[in-house]
Amino acid sequence: MPTPDKRNETRAGTDGRTVQDIGGMDFGPIDMSEHDLAHWEKRVDAMIVLLNTKRHVFTTDALRRVIESYNEQQYDATAYYEKWVRALRNLVIEQELITRDELAQKLKEAAQQFEASGRAVAAGEVPWDDTGVDEGGRS
Amino acid sequence: MKLETAAPMRFKVGDHVRIDDRSSLGHCRTPSFVRGKTGVVAEVLGAFRYPEKLAYHRPGLPAQPLYTVRLRQNELWEDYAGPASDHLDIDIYQPWLEPAE
Amino acid sequence: MHDGHDHDHDRTFQPDHDRGPATPYEVLERALHTLFIEKGILSAEEISRRIDEFDTRTPALGAKVVARAWVDPGYKARLLADTRAALDELGIDIGEIAEFKTVENTPEVHNVIVCTLCSCYPKGLLGFPPAWYKSLAYRSRTVRDPRAVLAEFGTVLADNVEVRVHDSTADLRYIVLPMRPEGTDGMSEDALASLVTRDSMIGTTVLKAE
């Protein structure tokens, strides 16, 4: 069972603000451009809502808790649904619905499917643990 | 929201309250920019399961009363440029509130 | 100046979602989707249904509610008192994640909504939030200098109007009931609804009659 026994990273140059605690800071002018959501992003949203409200695998606050454990660079540089799919991954492992090994195998297959359909696959993996708090509940 | 186990309500609309300035460990829905500040209860929203426990797969009971606290912007920010009548409303859970003068 | 309305010609160019390389996040999503289905955790059908259902949530739904509140004072009172029940009256089910609360703009008070800690938004009524609502810039600055943020949206309010920012930190999602524009007497409810923009229900813009 995960516990809040480890402090999340705080933002450089602030007096102890954790990454999400940005009210009152100044991140510059607002980019007004509109973006449609990609289908994969809508599916992340759908899977999360179903696992949260229908299957009761995790709560909204658990998702937020995981997102709050990312380091400052990753928090600031990743898009909304990138943050959420990573949190989804971590929580279904934490709640023992899937294992890391199963996921590793499925990631390989998914990459192959993309390639087979004519899409290149960018290198790299969605980062794991930043602070030890959210890596499958183990610290 | 009616839940079986709820902590007793300590505040009502119009009460002056101070938001604690303790530091927190783990998930918390009280932003740092309002900690240590004083405002007025504008709304009593009911009792809700506590997010600091829900975040760790615990039931979050007893449900905690939730209040909309109204703060003056010119008391929140030293350099607030707008008029004295501008306010900020924020929803704060009872464990973070104490009575103020 | 950008008033955030939803017409196609206002969308900036965006690369075709299916052309660039699949990012690790997209690969992860596909892997999880497949695993959930193979393991019987979720079904493909219910995931699809949920996506389709969410596509029915758009600002037009919120606009309908606003127009009803403008023409029917009893409905408006019920909307302000218990938003979920008032939406139920119109057959709108907002789901289980959050409670909704409507805050009313008046000549004395202008409301604007933000979620500094994440991006809480009344999705069950308005659909997905705009990217700017979720941005670090909006989340960080709106509580501190709302009038400067509003000015970026082309909205300027007199000093004798209170600007009231709501930081949705808990389980309530806020919707702004904008003021009915002048010169709209006698308009039909449908015509009124077509005046209501998404951004006016977030509070970053005020409405003017066309």
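Note that the chains are named A, B and C in the order they appear, and that numbering of residues resets to 1 at the start of each chain.
As a working rule, a residue touches a chain if its C-beta (ideal position, glycine included) is under 8 Å from a C-beta of that chain, and two chains touch if they have at least 3 such contacts.
Please read all numbers here as calculations on a predicted model, not as lab measurements.
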Chain whose Cα mean lies nearest the overall Cα mean: C
Chain pair with more C-beta contacts, A-C versus B-C: A-C
Cα-centroid distance, subunit A relative to subunit B, in whole angstrom: 27
Whole-Å gap separating subunit A and subunit C, where each centre is the average of the chain's CA atoms: 23
Sites on subunit B at which at least two other chains make contact: 31, 33, 51, 77
Mark out which residues of subunit C touch at least two other chains, giving numbers and ranges. 116-117, 143-144, 167
Hunt down the residues of subunit A that sit against at least two other chains at once, touch-wise. 21, 23-24, 60, 64
Partner subunit C, residues of subunit B touching it in the complex: 1, 29-31, 33, 45, 48, 51, 66, 70, 73, 76-77, 80-83, 85-93
Subunit C to subunit B touching residues, read off their complex: 99, 116-117, 143-148, 159-160, 162-172
Give the list of subunit C residues in touch with subunit A in this complex. 2, 4, 10-12, 14, 17-19, 21-36, 39, 41-42, 46-48, 50-51, 54, 95-97, 116-119, 128, 130-132, 134-141, 143-144, 149, 152-153, 167
Provide the residue numbers of subunit B that touch subunit A in the complex, in ascending order. 23, 25-27, 31-34, 51-52, 54-57, 77
If you look only at subunit A, which of its residues touch subunit B in the complex? 1-5, 7-8, 16-17, 21, 23-24, 58-62, 64-65, 68, 95
